[in-house]
């Protein structure tokens, strides 16, 4: 067992943990939290791979991931606040008008 | 940076600039001016892109390629973007819509030329994020819900894509897409993750769930982003990746499964839809499915078929969405007598539906010809059967709506279309009927572009 | 060149039809009558001299080609020809037709049928069909004329268009004859394939030398065709109901055209029939049986037109039997004689019943001898000819020739003779019944009615022929290539006695009250042994059920012919057939249900619709479910990718 | 050029009819009539000046060379006859639709487009172009049913469309299989006929073709769309359906399987004949059970076109010739019947045989016309229908006696349904619905006269028709004759 | 510097993340998220990518979580809210768990493979050269990405009546 592969597995773990959170949590804020955890997985993987190959691209990609994460947090929270004003609560399952 | 390289980047740059200009002008200028400036810049980008037809390929920094595929995709995405600009309305008092359309188009242009994981990822996310923003612009409950659904699934999809790219990078040490062929198990897992991310964006089953909600809840411009602009770009990206063949045989197999499921399920569920937008949403899933089938089958005709199909599909979905945007949320019954009340909108809607159903004399028929030919040439009989089954189901719902448009009914004339929308409809009509009657130019362009 | 005149023979009638049917302008009533009459009589003017020239030997056999059809692998020539058989037959047809047309001028003018135009148009087409059939020199023209008659008979029988019964009668006639026509068509086509030509002169020899089984089938198909058209057992049921048409139609239908066409067909194709003994035997048996059956049924009739209808069935049975025993020329001779007296009988009966108020029952004729003496006398002459009163009537000569031919033809012939003789006795019985009734004095004396010369003229001419025409029987037979049989004298004596016995029987039936009552009570016999009821139960009802099952939503409609004929349930045999029909329906037809195929398709469509609904239910609207779907897809892709790289 | 005009004239004529009233103030009716007349004249010139060889006229031009698609049109007698029928029926459709005022320009445009597309099918020998026109044909016919029909017209139109378009996919798939696997890509039927194909491939490809053609014919069990479509279509739609669209199926079967898949045809022909025999009986029996006059005629179409299928699969000279003749004859007779019933429906508002009757008294010319086409439906000798059926039956006797006997059954059953039709409409006392029904108008009379004349003319003097069809029949028998000039 | 430290730190992050997604208190979940992100930052330092680590700590752990904290001020807290969270989770975790595990299993493939070497150093200067040199296009695209997000946020938070 080598370092990179263990880290890749751990990053996969972070990813599926976040995924589980997205699937299982009904509170919108917690879904956003889970999304952040999902994105942390690739971040770790990129840095680890970059470190493994000694390539600077890994860190560069990490920065891109970070930018995305920031943008998503901003947009997600804005939508959350917006939804909250409409629906009155933070329950994801409650916003289900569009169906069928 | 040489002149050629600069020129090759110019369409992307100009489109991005259009977005920035739109954003900057939005708070201060009237909506019409914002749209005009944005559209002018995108049109300029289109002119530049067209002027580069036949030019020597230039490779700016190797992150992007400048081959026929990229150029074809760029032109098509820019055309689609212009079309969307023609009917993207200032929803809910927000004047940012043109800016967002331009930004999304820029993302699509980047994606069309993506040869590198970073550009692939960024192009994809720019269109997605702009799409989300477009979706929530009206600030209605439905729009917010559609936006949130898209947002959440986009987040998961983006994470999957990124993780996949990271695995690929870890396996090969390179971020160039064509360096990933023949990797080990890590690369295979990475490829699966990348495929999932792209399939989400391409709305293949079971990654498709956001699509119908977006079409019915969000404004038509957001739907057009998903159905036209980003579909072109993602299609081309998928074609590139399929040719690079990461993940070995699992890639085409997964593509075929997801595509087949999309072709069947999309058409099936569309059968019983009464809302025009929702029907279009499901049908766009089905069309993605056909394209995925073509890609999965591979063979010499796949690239050509993909491009021709996209070129036939984009004007159709844009025309339909343009009319839908003008009419607001309509059901099939509301469409009755449309041809009578608004001849241009009605004719465009009817022809667009015919084209999507693949009936002559529209470009859709040529697209269907290519779809079937490509599958037959690759001797992918099972996929051909699935595509045929899907196409068979599709006749029903398209024609149900088309006949409603033609049917006679009393009704108010409905809102009139502005001149940009009308102009866009005329162009779309020409793009629908022209290739249907004389397909040679389109076919020649597509086959030239599909050559490696 | 003379031959081309043949083509002109049916033309006047055809032209008359076209003029009357298609002329868009209103025609004056007199113009209609003039056109109809001229067109109806003109063929006689053409065929008369031609036939005379041919029969006197002045000209030989003629063939006039009409045109050629080149089907590609070979050429077909349509033509008309004149030989002895066609000359005699055409002359008869044209003559009888002319008589009937003249008669109709008067008759139809006081009947309650204003649409003279349609009447004359169809009558002319009818005549044109028969003429082109008898003059045909190829099977296509032959069949064309044959079918044309079938079509016209439908329209003529249901001439009274507002009467559902008339329509039903026409439909029934058309359907039953069409069954036979289909057989005939098959036979002709097979002959054509056998011979490679449609020319009758080549078809018939080729038919005689075909491979036995094949040849027998061909001959049998031809026989079926003739039996159907001629209303022979078991196809006879349409003829009695066909009385729904006006009297001139019946006169023409029963004497020279339609019904007689079967006899002409058999006479024409006699060599083919004779070449296959089984078929020839069957022909003889069918003819004799029909003769007896028809005569027996006629005895029991109470309606004079129905009586005459069964009489026609019986008389044509004689002709068919004659062909069966190898004497087609004799059959044709009887055809000629029968044409004369049967048209006479119908027309005279029509005059009498008109004078009696329009009812056609025998009882209503009572006193007609006084009211319409000319018609009565003519009828009596016809009846005498029909019964075959010895020596003085033409009917005796021709019928005797048939009986004699049967006797000399062998053991089967003897049996046929015996049956035919019995029929002859019965013929006497029924033939004179109306005469005797008409001669009787009614309770209320009737005044003398005016008889129009247009009606009486043809009657008198035909009556003379029916009596004196016997002299021509032997020469005619010889001319048509037969030889008048010369049997032992006892045969002739027995025949004469039979006819006289019939006359006696008739007197008994009319004047002995117990016998009259018994005849009146013979209901089964009167209903033609209930063939109708059985056909209804066995064929019509199951077919209707099949139709109803297959076509679904229309099933509730019981159409105009829905009622079974009288007596359908009284008879145990009938009941058994009904039960059989029901059983067949349950076992064979129930698996089909209304519009099965359409329903199956639509059910498939509904299934897809349900699947679509299921698919819609997948789209729950809850974002977590959406994400779960995404995750499932992701996991599936991952496992796929992983699994396929597993070493 | 003349051949291209056969397609382009009605196609652009459709646009002319659509725009003429608005732009030039012309009547869309007369525009359409002029277009059809012009088409007919051009056809006549082409036939008169045609070669004596295999083809009367031949055109080859590139359409999309990059994908090997050509405009490859060829006309022999069979095509010429069908083209004449299509232009003639197009004209007749205008005359009998004089009462259509609702969106009349589009209506007439749809007629023109239907004619254009079916002309394309009758001429194309580039299989892709064939498929193009094959699918194109559906669209205007669909519009005709869906917009100007009666009753549940939209459902009927969708049913029509789904059956035909889905079956068309079979044709498309087979065409693309052949085209895309040839090297270089070509859809030229003559080229593709030369390719060697395995027996299995031939059978499969033929099935693809046959499904499309048999649905269009239609032969049971694919007939389910026809009764609904006919019943709910406007008169012009019914006429075009019966006279043109059904014929395209027959034409396709006649033309392409022998050329492209001779061995596959040998394998499948017995099944085709059996299906045809079944269809003959099924259609005839079901026709007997209808109370809707149009439905009744629709089912008779099923029976008659099944006879065509038998003839085509018979593979002997008589049968093929009979199939050809029956195709043409059925175009006349069934069009005329639909025309009459449509005119009656326009007057009385019903097609139900139970509510009609007694036309003889109120409208004699109407009744006479019915009687004439009644005879044609019965395949009376003297009508072209008889010639067709008799030739097919003759051919069947050469092939299989049982099938011939079944075909004969249809002759008998035809009496039942035909008398039922005429009995329900012409006979009887005039029903309330029929009271006051106007007799045929002049603009209805002459189409009837023309159709009747054609029926009788080709029935009594068939030589013209037969010699016109002969080259096509011989080519179907020996595909080697299928040389291109 | 050391794979081992990186692995341990990452494992810690994973554990914190796992706790974060299962807590019934939103505030606890956020704190655990913060812990996970900080642990990741440590792992980045261990992987000889100090720039990445610094950014992680500053932006992620700092800014992102701070934004969240602002938001949770809008979320009600207290025992009832926690009970509701627990109820919501307890009814919904099974299928997600199954699917997550199924998705995770293939990611373990790497564990069987071979890869060697020590973490290479990545300097901030190299990164700058890359980002503003070869990757200039990507960098520009990042700005577009952020613009898209910004427009969206601004449009959503604009004043005015909703649904117009």
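We just call them A, B, C, D and E in the order they show up, numbering each chain from 1.
Please note the rule applied: contacts are C-beta pairs under 8 Å (C-beta built on N, C-alpha and C of every residue); 3 or more make two chains touch, one makes a residue touch a chain.
Because the structure is a prediction, the values reported are computed rather than measured.
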item	value
Chains touching both chain A and chain D	B, C
Labels of chains that are neighbours to chain B and to chain E	A, C
Distance-to-centre winner among chains (Cα means, whole assembly as reference)	D
Top chain pair, ranked by number of contacting C-beta pairs	A-E
Distance from the mean Cα position of chain E to that of chain D, given in whole angstrom	69
Centre-to-centre distance between chain C and chain B (centres being mean Cα positions), rounded to whole Å	75
Averaged-CA centre spacing for the pair chain C and chain A, given as whole angstrom	93
Distance from chain E to chain A - Cα centre to Cα centre, in angstrom	6
Shared-contact residues (touching 2 or more other chains) in chain B	118, 122, 125, 129, 132-133, 136, 139, 141, 148-149, 152, 156, 160, 167, 170, 184-186, 188-189, 192, 212-213
Chain A, residues touching no fewer than two other chains	4-5, 8, 11-12, 15, 18-19, 22-24, 26, 48, 50, 52-53, 55, 57-58, 60, 64, 68, 71-72, 75, 78-80, 82, 86, 92, 95-100
Numbers and ranges of chain C residues touching at least 2 other chains	616, 619, 621, 623-624, 627-628, 631-632, 634, 638, 641-642, 645
Contacting chain pairs - touch in the sense defined above	A-B, A-C, A-E, B-C, B-D, B-E, C-D, C-E
Contacting residues of chain A [partner chain E, same complex]	1-21, 23-27, 29-30, 32-34, 36-37, 40, 43-44, 47-48, 50-60, 62-64, 66-75, 77-82, 84-86, 90-91
List of chain D residues in touch with chain B within their complex	62-67, 69, 102-103, 128, 131-133, 135-136, 138-139, 142-143, 146-147, 154, 157-158, 161-162, 165-166, 169, 172-173, 176-177, 179-181, 185
In the complex, chain D residues that touch chain C	220-221, 223-224, 227, 282, 285-286, 288-292, 317-318, 321, 354, 358, 360-361, 365, 368, 371, 375, 378, 380-382, 386, 390-391, 393-394, 397-398, 404-405, 408-409, 411-412, 414-416, 419-420, 423, 426-429, 445, 461-463, 466-467, 470, 473-474
Parts of chain B lying in touch with chain C, wherever the complex brings them together	148-149, 152-153, 156-157, 160, 184-185, 188-189, 191-193, 195-196, 199-200, 205-207, 209-210, 212-213, 247-251, 253-254, 257-258, 265, 268-272, 393
Contact footprint of chain B on chain E as seen in their complex	106-107, 109-110, 112-113, 133-138, 140-142, 144-145, 147-152, 154-156, 158, 160, 162-164
